[in-house]
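So the structure is just underneath, and the comments pick up after that.
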Amino acid sequence: MNAMPFWLDAVVAALLVAGAVFALVGAWGLAKLRDFMKRLHGPTKASTLGIGLSLIASMAWFAWHGGFTGREFLVTLFVFLTAPVSAHLLVKAAMRSEPSAVPPRRPDTRD
Amino acid sequence: MRALIPHPVSSLAVAVLWLLLNGLSNGQLVLAVLFALALPRLLPAPAIPSPRLASPIVAAKLVLVVLYDIVKANLEIALRILGPESRIHPLYVWVPLDIASPQGIAVFASIITMTPGTLSCEVSEDRRWLLVHAFHADDAAAVAAEVKSRYEAPLREIFR
Amino acid sequence: MSLEFLFASGIGVLAAGGFWLLLRARTFDVILGLTLLSYAVNLFLFAAGRLAPGRTPLLKDGVAPLLANHADPLPQALVLTAIVISMAMTAVMLVMAVQARLANATDHIDGREPRA
Amino acid sequence: MSGMAPHIAVLPVVVPLLTGATLVVLHRSSLAFRRALSLMATLVLGLVVLGLGLAVEHQGLVVYQLGNWPSFAGIVLLADRLAVLMLGLLVLLALASHLFASSGDDARGPHFHALFQFQLMGLCGAFLTHDLFNLFVFFEVLLAASYGLLLHGQGGERLRQGLHYVVLNLVASALFLLAVGVLYSVLGTLNMADLSARIATLPEAQRPLVEAGGWLLLIVFALKAALLPLYFWLPRTYASASAPAAILFAIMTKLGIYAVIRVYGLLFGADAGALAGFVQPLLFWAGAGTATLAALGALASPTLRGLLGYLVVGSAGVLFMAIGLGTDVALAAGLYYLVHSTLVAAAFFLLGDWVRRHRDGGDAVGRVAAMARPAWLGGFFLVLAMAAAGLPPFGGFLGKSLLLAYAVPEGVVIVLWSVVLGTSLLNLLALARAGSRLFWQTPTVATARNAAPQPPSPALGERVAMLMLVFGLIVTTVMASDLTRYVAGSAAQLSEPATYREAVLGRDPLPTTVPR
Amino acid sequence: MLLPFLLASPFVAALLLALMPRAGRAMSAALAGGGAVLGLAALFALAPAVFGGDVPRFSAPWLPEIGLAFSLRLDGFAWMFALLVLGIGALIVLYAYWYLADDDPPQRFFASLALFMGAMLGVVVAGNLLLLVVFWELTSIASFLLIGFWNGEREARRGARMALAITGAGGLALLAGVLMIGRIVGSFELDVVLASAAQIQAHPLYVPALLCVLLGAFTKSAQFPFHFWLPHAMAAPTPVSAYLHSATMVKCGVFLLARLHPALAGSEEWFLIVSSVGLLTLLVGAFIAIFQQDLKGLLAYSTISHLGLITLLFGMGTEMALVAGVFHILNHATFKASLFMAAGIIDHETGTRDFRRLNGLAKYMPITAALAIAASLAMAGVPLFNGFLSKEMFLTETLNVPTVAGLHLLIPGLAVLAAAFSVAYSIRFIHDVFFGGEPKCVNGTPHEPPRFMRVPVEVLVLIVLAVGLLPNLTIGELLAVGAQGALNAPLPEYKLAIWHGFNVPLLMSVVGLVGGVALWAFLHRLGALRADPRASFGKRAFEAGLALLVAIAGLNTRWLESGRLPAYLAWTVAATIAAGAVAFWADGAFGARETLPAGPGAWALWAVVVVATLAVALGFRQRLLAVLVVGAIGLAVSLAFVFLSAPDLALTQLMVETLSILLILLALRYLPQASPRERAPLRTGLHATLAVAGGGIVGALAYAMMTQPVASISEYFLRTSQSEGGGLNVVNVIIVDYRALDTLGEIAVVGIAALIIAALLQNARPQPEVAVPASPGAPSLMLQLVSQWLLPLGLAVSLYFFLRGHNAPGGGFVAALVFVGAVFLQAMGGGRALAERQFRNDWTAWIGVGLLFAAVTGLGAFAFGHPFLTSSTPYVELPIPVVGEWLGKVPFASAMGFDTGVYVTVAGALLLVLFLLTRLHRPEGKR
Amino acid sequence: MITAAVLPWVGGAFAVALLLAFFRLLRGSSLVDRVLALDTLYVNALALLIVLGIALGDPVYFEAALLIAVFGFVGTVAASRYLLRGSVVE
């Protein structure tokens, strides 16, 4: 197995590191913030992006090492497709049960 | 054509998926075509009919915009998360919807969730309003205006 | 602390939690207890084949088909069977728990609330 | 049929499986059709078992290698005289259960016959398999089916007892897996003959783990077979089951005993070195305790079917004592008694159902509304009670006599004599008490007025079922000698673990395994 | 063949009656009587042989393995006893025909009576000791049925149970004794046993065997202290009492003593035990008899006393005493049977048996009175009646007893005392019933019974008198042959005569007679005979003992079989701890295998598992929360499998985890949302201890396992999986090929579980207040759309996993779960109604189809002569030349067919369950 | 080479993220929080598998990653529906 060229190696490493940092930050937000609606933003965005970046890194790595099938792309797509839905449902649940998450009234309704 | 492939989007998705999963080879190509034809047929008709897609160029542009926004928004959020919590000012925004296609609304809501510090929370039952939660914002109207112009407008062109 | 010790102590903790919940008198707790116990048992059965981190899971050209190069496949097959069976039984227990609650108006495992 | 001859050992598993699956596919067909199909299959199973019995008589041990893999690698089925005996007993009970259920019980919920066939599949598999983990799987099959049969028709009490039964058995299953794990970790195989061979040459350093594995396994079997202190669940559970389910339960207890005989006889048999027969003293004493407590329980039981549950437990206790003695002759006597006590229990459960019906749903022994009591009902009760209490001329008497005659009354055997005779007396008292209250007590004026009208006499199928079982009892009594010779042959077969190893492993050279 | 016919005749009568539930009184009596008469005919046909010194035998094998044979043997003693049983039996049948009331079920009575007769006859003619035990126990059963005949009465039921308990216990003791004798002698055949006295008495088991046999005999013959059941057996109809006291049941015991006399008697032990018990019984019975107020009660205690006398005689161990005993058996049978029948007539005609109400009946029923008085005088041992003769022989024998020095007058003295007692109660019987005033509170005027009811009494009293007057002529030969049989040796010299001259026994007789009259007069004057007798101590002791036993039993049941699952589970956990601890008892559980270092990843997973487990077990009572944390544990376990090179396990664990959570969420709605706090600190502490110890043992075992060296067969799988199993994923090949039977069983379990759930949920409909209320609202648009998009893709992924299984992680089970996930997502997105509309599948049928598919694939091997589940050709190339080459090799093991079965079964089962659970809460009125 | 050097750190970061999510799962405060935390746990586990795949140079764990993605989603949907509606499917 021949070694990856430096640039590809660097890109893969950078993608991995970036992905890890985003995921870490997202989880940090989840653990640290004090209010559910704030906490929700971290994982839904940062973690998803973190996964996406590492998946792309993996794709690139296996592309060079002869195992490219594009399957990681599939997972990426899937994660990006489903993360908003999960978040959406979680917010709806939170709005029902969390006092701090009660939304304002719709502008076009009166009483 | 419609008789052979009643659900073209679905079939295409199956074929692409199959090849992505198994890699490209003659045998897998045959299987991919086979499944692409068979699976959507085996399955019942979807409850919400497939939309007609238009303007692939607009769509491609939108994808790029969204990808850029995702990265940008994440950086922003990451900084705010790492900073003191007291400097985060969340906000609810009701965004009026102009787009009618259910798929379009869904994509709009998804994009909002993935991008700038916003989360889509609820689509009203009449599908005329979208409740958005902003991670950090001061002006509700500005948020609404930005998402409408940046995403809803192109989406209205795509899902006609 | 060896990997084996960590693994075994994890099994022990799961088993203890499982036993503890089993001894609670509520159907739901018992179901959770059985779940924990089956984790412990599955890991235990797996451990019977010893631990082999970082081996090639599938047969591969260039890797001799020896136990030295692979995790022991037999306990894995046994654990697979055991997992599936315990899932089926969990489902049965759940439905029985629901039915028992509907029939006896309590979720106490003995079908009646203990006297205070 | 001749094409099937080489496969006869697997057919007891395949026939009920195919039938059960077919019944599931056709679950919307008429009940009459499903009954007929299930009955046919059970009769075919009877023929298969007959054929297998002949094959065993002819060949000694019938070994069947599934998947054509070498014995140590694949799963092996093995039929010997003991397995055939149990299968024969099973078929008889199954027919009775089927006939009884087909008189109306099976209509009280869906899937009775499918579950019934799966139960047979599990039992047959458990009697035939020669692989420790496969035994676990068949245990699960038969237990799962038994959960269904126990809960069939539902009801609050049945659910309550069902929950207890299921939870205990799930815990037992977990312990089974632990035991398999421990044994595999040291011995590196699952085939019983192979395990036996490896235990025979086990290095001393590895003995403690294998012994612990053996004890763990014993808990599993003891829970099913009802051994002190693990039988407490049984009487109430059996009492809550419907008669057809209870009939099959009667053999499930014996399955636990069978498993003890099979596994401990082979793995820890005469040539197992320091581990030979290591559970036997415990079996003896726990069996004594079981029989004694069960006899007391029978005396105190407020319902007839509860009493029957205790009788089942009590017979298990006696059997464990027989096994615990560790001699061929005692085992043979135990096996004879096993056949008889299973038949009695099954017949008694049928009777219990009749009694319940005649008592407007209850079979409480206490002072409640008396029942309409046709003479035939009392007659059956009398005969079964005599058989169950070990009174002559029935097989219970012969079995106990065999057991006592084969054991010199010295040392611990005095305990055996005292327990066997003492529990017989207690059982006699309990049955006399129950019988005289159920059948003799006249109703008070108030309850007589409320008494239910005479229920219809039992359906033909139920009567045939009962007569079949009673006929079985008579056969075990009259042909006691033939049966005794057969079980003595079984015991002799079991006392030679080497024969099993030869038959199972002899044809495939074992792979060399180097400890690492 | 006459011998089996003799024995069979009463049994056949009983069987015929059992099969004729509607037989009338005449028919029933005729059958039972017919049985007796036929038996008598056979007996007389056999008489020449027996009286000629021959012993007719019959034998058929039964259970030769332990020496049980159906052996019959009719020696003189047996012949004599058979005559008693059948002769008195026939008279009893005749008597009972008149005696029974119209509402007494005759069929049941006569069937039981015939059975009783047969059982007793069996005891008498049995030629094998085990066979004797068989019939012995049958007499207990038959007497139980007869004593409890008037089952409406509590006393009858109690009396029957008491008799059964005492005599049943004795029967079991007898069995033990007989088994021991058999072990000593090596045979149960009576011929052998009777000839082995020396061998038996020299054996260490002799004393236990003797004690057991005597226990059997004493209980049956109502010897002190087991005598108390007999008076309570009086609850039986009088014909039964008459039979029971004269020829059957209680005579069983003394029969046995005589029967085994040649084998067991002669030893110190025998003498001490048997004679002292006999003596005590003789005295106690006679004394208590005097104070009875019930006619039958007096007779019953009299029987006890007379049996004591016979026992005492047998205990003496001399030949002449045996002859006397046999003679007294005959005499007692006749006078006691007639007395009971007379008592029955009195009861029948007056409606009472109380001495205080019965007076002066001689005036109203003179013939009966005459008969009864004659029989009473025989009972008292008055000369010219048969009782006198055997009593005289008894008194003679008491003088010959070899006793310890200084005590040689004790036994004769007590014998005279007992004789006086018996005279006293006989006088009381005569006086209180037939003389001294007018009967009180009796329905109507008493009169003589129907003519034929009296015939049996007349016959018996005739015998009493005839024997009493002309003993040699009437009974000499019978006694000789009977005694000879019992002795199993030449008879001693003796003379049957009324007058032996003035001698000590005569003096004793006279003293007894005079003393008896004086005693009665004294007691009568004192008024001591008017008091209510106290319930016997024996009965009270028995009932107290039984109650105590039942109480202990109930306590045991309540304590051990409490119906509380946690208690049962605690026992099970305790047993597990004990079993596992065995490994660490001795050294060596921990081996020397090298261990691996643990990295931070392992620590992280360990921490998650441990903390989460503690949280679930101790912290979180809110159930949804607990479920979520369990989900985290499941994930950690999956990751552990990943790191330990077991991807298939990781996949399966992960999906099963999620599916279980889905199921739990579906069910949780119908359960309380939080677990209540338990308030039993002691029990909780015990449980905590058990849990910690149990977990510790399991963990220690796991560690011990991993430190042992391995010698597994597994390498075989690694080496052959590709070449012979056709797959690179060894785990999957094991599952679908090497160990396919496991998998077949596993999917059967899954299918069965689904069927059970379907059956459970069939008619379930929870009340609205039980479930967590569902909040209304439109389905989420986004979810609906996403689920819709994912459905075909999910199916494709499912197929992907299915096809790759043999060579990569996956397989039928995982594939099926993916399919289920996709469909369930659809249901969550669009609602159950939509999903069900879309999938109009009969999921139940899927289960069956899948199982059939798997099984039939396995059966396919039969066609090639291979065993079940043999897989074939690992790879196929499509037969079309060009296309085949273009496509390349397609891996296709026939095991994939099997895997298809797995797929279909699992998918069907899970979807069935999921849809049923979602349908549990359907709107009212809809199905 | 760079990739190989950063991989342990990347894996460690995902592991820490996983533990942070686990902390939130235990800490709460509300049930929605915990569902979110579990979802995040799943996502980070997925990432760990990707990293492991690169480290081992074997794509065999891809299937596990795919299933975590799919079933993590299904589980989150079910749990949030339970919270939202009281019933998972209506």
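The first chain written gets the first letter, and so on, giving A, B, C, D, E and F; residue counts start at 1 in each chain.
As a convention for this text, a contact is a pair of C-beta atoms (placed from the backbone, for glycine too) under 8 Å apart; a residue touches a chain by one contact, two chains touch by 3 or more.
Since this is a predicted model, take the numbers as computed values, not measurements.
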If you walk touching chains, what's the least steps from chain A to chain F? 1
Label of the chain whose CA centroid is most distant from the centroid of chain F: E
Tell me which of A-B and D-E has more C-beta pairs in contact. D-E
Per the centroid of Cα atoms for each chain, what is the distance between chain B and chain D, given in Å? 62
Compute the distance, rounded to whole Å, between the mean C-alpha positions of chain E and chain F. 61
Centre distance in Å when chain A and chain E are each reduced to the mean of their C-alpha atoms: 70
I'd like to verify one number: the distance from the centre of chain C to the centre of chain F, where each centre is the average of its C-alpha atoms, in whole angstrom. 21
Return the residues of chain D touching two or more other chains; collapse runs of consecutive numbers into ranges. 133, 137, 140, 144, 147, 151, 154, 163-164, 167, 171, 178, 181-182, 184-185, 516
Among chain F residues, those touching two or more other chains are 18, 31, 35, 60, 66, 70, 73, 77, 81, 83-84
Multi-chain contact residues (two or more partners), chain B: 17, 21-22, 109-110
For this structure, give each pair of chains that are touching. A-B, A-E, A-F, B-E, C-D, C-E, C-F, D-E, E-F
Chain A to chain B touching residues, read off their complex: 21-22, 25-26, 28-29, 32-35, 37-38, 40-42, 44-46, 48-49, 68-71, 73-74, 80-81, 83-85, 87-88, 91-92, 95, 103-104, 106-108
With touch defined as at the start, can you tell me which chain E residues reach chain C in the complex? 563-566, 569-570, 573, 593, 595-599, 602-603, 605-606, 609-610, 613-614, 616-617, 623, 626-627, 630, 633-634, 637, 640-641, 643-649, 652-653, 656, 659-660, 663-664, 666-668, 670-672, 675-676, 678-679, 687-688, 690-692, 694-696, 698-703, 705-707, 710, 712-715, 717-719, 721-722, 728-731, 734-735, 738-739, 742-743, 745-747, 749-750, 752-754, 756-757, 760-761, 764, 766-767, 770, 807-809, 813, 906, 909, 913, 917, 920
Chain A touches which residues of chain F in the complex? 1-3, 5-7, 9-10, 13-14, 16-18, 20-21, 23-24, 27, 30-33, 35-37, 39-40, 43-44, 46-47, 50-51, 53-54, 57, 59, 62, 65-66, 69-70, 73, 76-77, 80-81, 83-84
Chain F partner contacts - residues on chain E that touch it in the complex: 600-601, 604, 607-608, 611-612, 615, 622, 624-625, 628-629, 631-632, 635, 638-639, 642-643, 647, 650-651, 654-655, 657-658, 661-662, 665-666, 668-669, 771-775, 777, 779, 783, 794, 797, 801, 804, 808-810, 814, 818, 821, 824-825, 827-828, 831-832, 835, 918, 921
Per the touch rule, the chain C residues reaching chain E in their complex are 1-32, 35-36, 39-40, 42-44, 46-60, 65-67, 70-74, 76-81, 83-85, 87-92, 94-99, 101-102, 107, 109-110, 116
